[in-house]
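Before I ask anything, let me first share the structure, which is written out below as structure tokens.
Per-chain residue numbering starts at 1, and chain names A, B, C and D are given in the order in which the chains are listed.
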Amino acid sequence: MNPCLRAIVRTAHFENVEVVGVREGFDGLLRGERMRLTARDVGGIIQRGGTILQTARSPEFHERKGRLRALRELNGAGIEGLVVIGGDGSMHGAYELTEMGFPVVGVPASIDNDIWGTNMALGVDTALNTIMEAVDKLRDTASSHQRAFLIQTMGRNCGYLALMAGIICGAEVILIPERETSLADVAEAVEDAYARGKTHAIIIAAEGNSLAPQDVVNHLEGLEVGFKTRLTILGHIQRGGRPGAFDRLLATRMGVKAVESLIAGETSAMVGLDGREITTVALSEVVSRQREANIEYFDMARMLAR
Amino acid sequence: MNPCLRAIVRTAHFENVEVVGVREGFDGLLRGERMRLTARDVGGIIQRGGTILQTARSPEFHERKGRLRALRELNGAGIEGLVVIGGDGSMHGAYELTEMGFPVVGVPASIDNDIWGTNMALGVDTALNTIMEAVDKLRDTASSHQRAFLIQTMGRNCGYLALMAGIICGAEVILIPERETSLADVAEAVEDAYARGKTHAIIIAAEGNSLAPQDVVNHLEGLEVGFKTRLTILGHIQRGGRPGAFDRLLATRMGVKAVESLIAGETSAMVGLDGREITTVALSEVVSRQREANIEYFDMARMLAR
Amino acid sequence: MNPCLRAIVRTAHFENVEVVGVREGFDGLLRGERMRLTARDVGGIIQRGGTILQTARSPEFHERKGRLRALRELNGAGIEGLVVIGGDGSMHGAYELTEMGFPVVGVPASIDNDIWGTNMALGVDTALNTIMEAVDKLRDTASSHQRAFLIQTMGRNCGYLALMAGIICGAEVILIPERETSLADVAEAVEDAYARGKTHAIIIAAEGNSLAPQDVVNHLEGLEVGFKTRLTILGHIQRGGRPGAFDRLLATRMGVKAVESLIAGETSAMVGLDGREITTVALSEVVSRQREANIEYFDMARMLAR
Amino acid sequence: MNPCLRAIVRTAHFENVEVVGVREGFDGLLRGERMRLTARDVGGIIQRGGTILQTARSPEFHERKGRLRALRELNGAGIEGLVVIGGDGSMHGAYELTEMGFPVVGVPASIDNDIWGTNMALGVDTALNTIMEAVDKLRDTASSHQRAFLIQTMGRNCGYLALMAGIICGAEVILIPERETSLADVAEAVEDAYARGKTHAIIIAAEGNSLAPQDVVNHLEGLEVGFKTRLTILGHIQRGGRPGAFDRLLATRMGVKAVESLIAGETSAMVGLDGREITTVALSEVVSRQREANIEYFDMARMLAR
């Protein structure tokens, strides 16, 4: 998020618009946690992971009463427009504010890539590289030791991250919420890899798939499929790390567009990547639809893992 | 190129098409350096930089006589179609072969991203990440030592790499072939950064820009602009390294598409990225046009470096 | 292990000694899986993780009958001395062979660093860097989200890796086999970190410590200690990856010393790092003692986590 | 330096000693740039490159008059002892202060590793890893393209960095100030590598060696040695980057020892690594001797590059 914040502040500065940062999201908004941000304040943050503004959950903002208070805070501070960077929940919050008449532009940031209206959300490419580097390390040792590995990635509702990771890591099995797979299917694919002479097998499982990771490991260990199976749970490692080149460019372009849209009065929108272009899409559309992983990649991954 | 090669072999295998790899490019083609490639031969290469088929220049292939001999080799070996992975020169060679009636599909691979017909060539994203990580390291020490840094990147004719690197690294000055900049302009921008209170200044210069790197360093050192200026020449570091997530996915998709196109008879084409889609573009068009860096990014970079 | 293998082959080559590689360890030795290794065969492997010779378990070698057969294989092939690279089990095997009169020199390689007779085994520094990079990523997001993280590292019997990782990652809690810690102790330390105003808490737990990772997470989640707790299991990621600078130098020096020792007739020994020097220690001593983590570091870590 | 600063502050805190940080070195000391440092101020800095205290040159401190004023500043602020982290110049400054009666303990930090009294200075291991990763990238592309690469590293007076980098990168040629090498010697070694069938050649040259990098490249290009030669100048990239595991542990141990030494009254000393132990050595000895690269490694590197 930091490269996006930098772009927002510098673009606004260029357009002679003052920027006030809100610490810890909607919760900080309610508590009046604001700070003026100058061009210098965002110097040197482009390469830092996380966000200098920090984040927090806000149960109060979920209630209409809380949102009203937020509106009062915003107006009281003389703020004329808001940029909200975040995931599905943040976009819902952004939409609620626009419904109350306040100008808001959203910027999609979620490693799950489950937000409707953009090809890629901020953080996805960096998370994919983190998963990929972890699996590369497993492959090094796998080739030496004849092992199968189950790697659990993020993705409660959307298998995008696991599916893409599966393709770029050459996974033999990919487990995602969008496609039911049985323990028997997993075992068959791993046995098949062993029979074909592969030195290792990689299973990538989204958090939200129907099989518990330990169950898969136990099932494979019980079957004696040829490989020994080992478990890795990546967890929040996927959320951190310095943003990569793709994410920095996307964040920069989205930040510039968000400020331009606010100034142009195109509010109640979220910026998004559509092919090569940064576009805007109505927040009402964003919050009413759910993005799913492209299931066509599932079959491509299977073909390539032969 | 390795992830692309893997996708080509596995897709062909799936379609019951035999694959023969040619070592060391057109030169190896002339010398009959062929090897059968099975699905197992490309196992474990997805994470490796470079190419297992190696590359080489071929002066002989530049002559019509040499190309005729290549054609004879191809036909003699019973090869029915060719996938050529490479840069501008390779696409020209591919085009010449198609003009002689042989079915060829090209895959664009060039860190300069100067090939017409694709938004991104293979290797660009990985090279950008390499430059970015190098500049991140300079920024760490720059903040501590009040220094300016000139980093020379690749790009003889096309400033794409330097321009994008400039944006994602927050460079104060970007020097590219497409836009003339004087020593005085550079000095002014660096002095301005110092005056604004920046702790360091980053100058990113494409190899093919009009100012010699050492001249820039000498000019700045002579002027006493506040910062001390230091030089880094990245050189071929930019060509190596494990391919990143974006490149692996792009390479995989392009490899699948190249085989599908050959089989479908859509030859004399290059596969390319157009927005989100992998498309094909006629090789005749590819070789007759030159891609340039998007100059609109130049002004965006300047605005964001304030 | 690859940089060590390279040093062994090149040093032997320099001393006009022929080298035969044995694939897949003692198991491959029994199956006659040998290959001549020339100076060229180990070109380009210094930067690769794992080992080109692969590894495997050998139940047969655990029996005296199996070892006799191994001896027969070695003598039959005209092999005059053996270098065994591996962990505690491999050093036991090496010792058994020397007891049967065959010249063997061991090289300690184990990320657990639990082998007696060397300050550092091969792989430890690379594994430490892998853990450190993972925790760095957690810290990025932790600072943004107010979370506690439990990271499980390798180390069934020896807490070296977890203890050192704890120090270099600034962990609030370190759980190792050598020091009993209760769930209540963990909770107190995490609450204390929260009370002191820390933005996150890091718990590093060796695989062999007495608390199950999920139990710790559940206990902390139940107590509402201020942070939300998330789990990462690194698994075999720690065994892979390109060897770092320290490991490459150590592996090179140990490989040179192993060959020199064999030639000098100082066999039945293991090479080891003692301060700055590469020394040899009797295999009989290596197999009769167990290295433990330096418990003095435990208190240092606690002092520094304030 | 950040992990060292963290250890200093936390150890002092534990011993109930207040810590005041001086910004920008001796120069900041003269300008009264001091800030109290609490345990919280050094939270989250262990993984950051550079130093939060920044650094600067101080011509004024080179004069006795300037040092007298520094002494007055220190005494005026009620400061009872000083820890100086830095290279050879900083250790000389530290020594001058102790000669004037002020208690100082030095911590050696210099990627050149040219400071007498310690096996390793802070930053050396991280710099070695940076060089190694760069050369790994060159090797990837070198294997594909039949190229020779000249990589210039830091090291004006001391070839330690280039020599160690040469060993761990498997360099064919190493150029250091301590050992004269002619252009003809370089060419012979590169030609020899080509003749032996190597796919590439690596030349690592310390900044302070007697051959200018461009001269070497021109000489090799003129001779047609088989490989094409390309130049990389790493520059200050080597000074930056997140500290690695070895450096963080060394920095932590040295920081703890520095504070303990000050409290114990063992001043006018520098902490150092001696084998496994952190020891102290008199500053008078440190400033009167010069550490050189271990020339025995030079011959080892040559043997291993065969």
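Assume contacts are C-beta pairs under 8 Å (C-beta built on N, C-alpha and C of every residue); 3 or more make two chains touch, one makes a residue touch a chain.
Here the structure is a predicted model, which is why all the values come from computation and not from measurement.
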| item | value |
| --- | --- |
| Joint neighbours of chain B and chain A, given as chain labels | none |
| Label of the chain whose CA centroid is most distant from the centroid of chain D | A |
| Chain centre separation (chain C, chain D; CA means) in Å | 28 |
| Chain centre separation in whole Å, for chain D relative to chain B (CA means) | 34 |
| Cα-centroid distance, chain B relative to chain C, in whole angstrom | 39 |
| Chain C: positions in contact with at least two other chains | 136, 139, 143, 199, 242 |
| Chains grouped in pairs wherever the two touch, ordered by label | A-B, A-C, B-D, C-D |
| Chain C-touching residues of chain A, taken from the complex the two chains share | 48-51, 54-56, 130, 134, 136-147, 149, 199, 230-242 |
| For the chain A and chain B complex, residues of the former touching the latter | 3, 6-7, 10-11, 13-14, 39-40, 43-44, 46-47, 119, 125, 128-129, 132, 136, 139, 143, 164, 167-170, 196-199, 242, 244-246, 248-249, 252, 256, 274-277, 300, 303-306 |
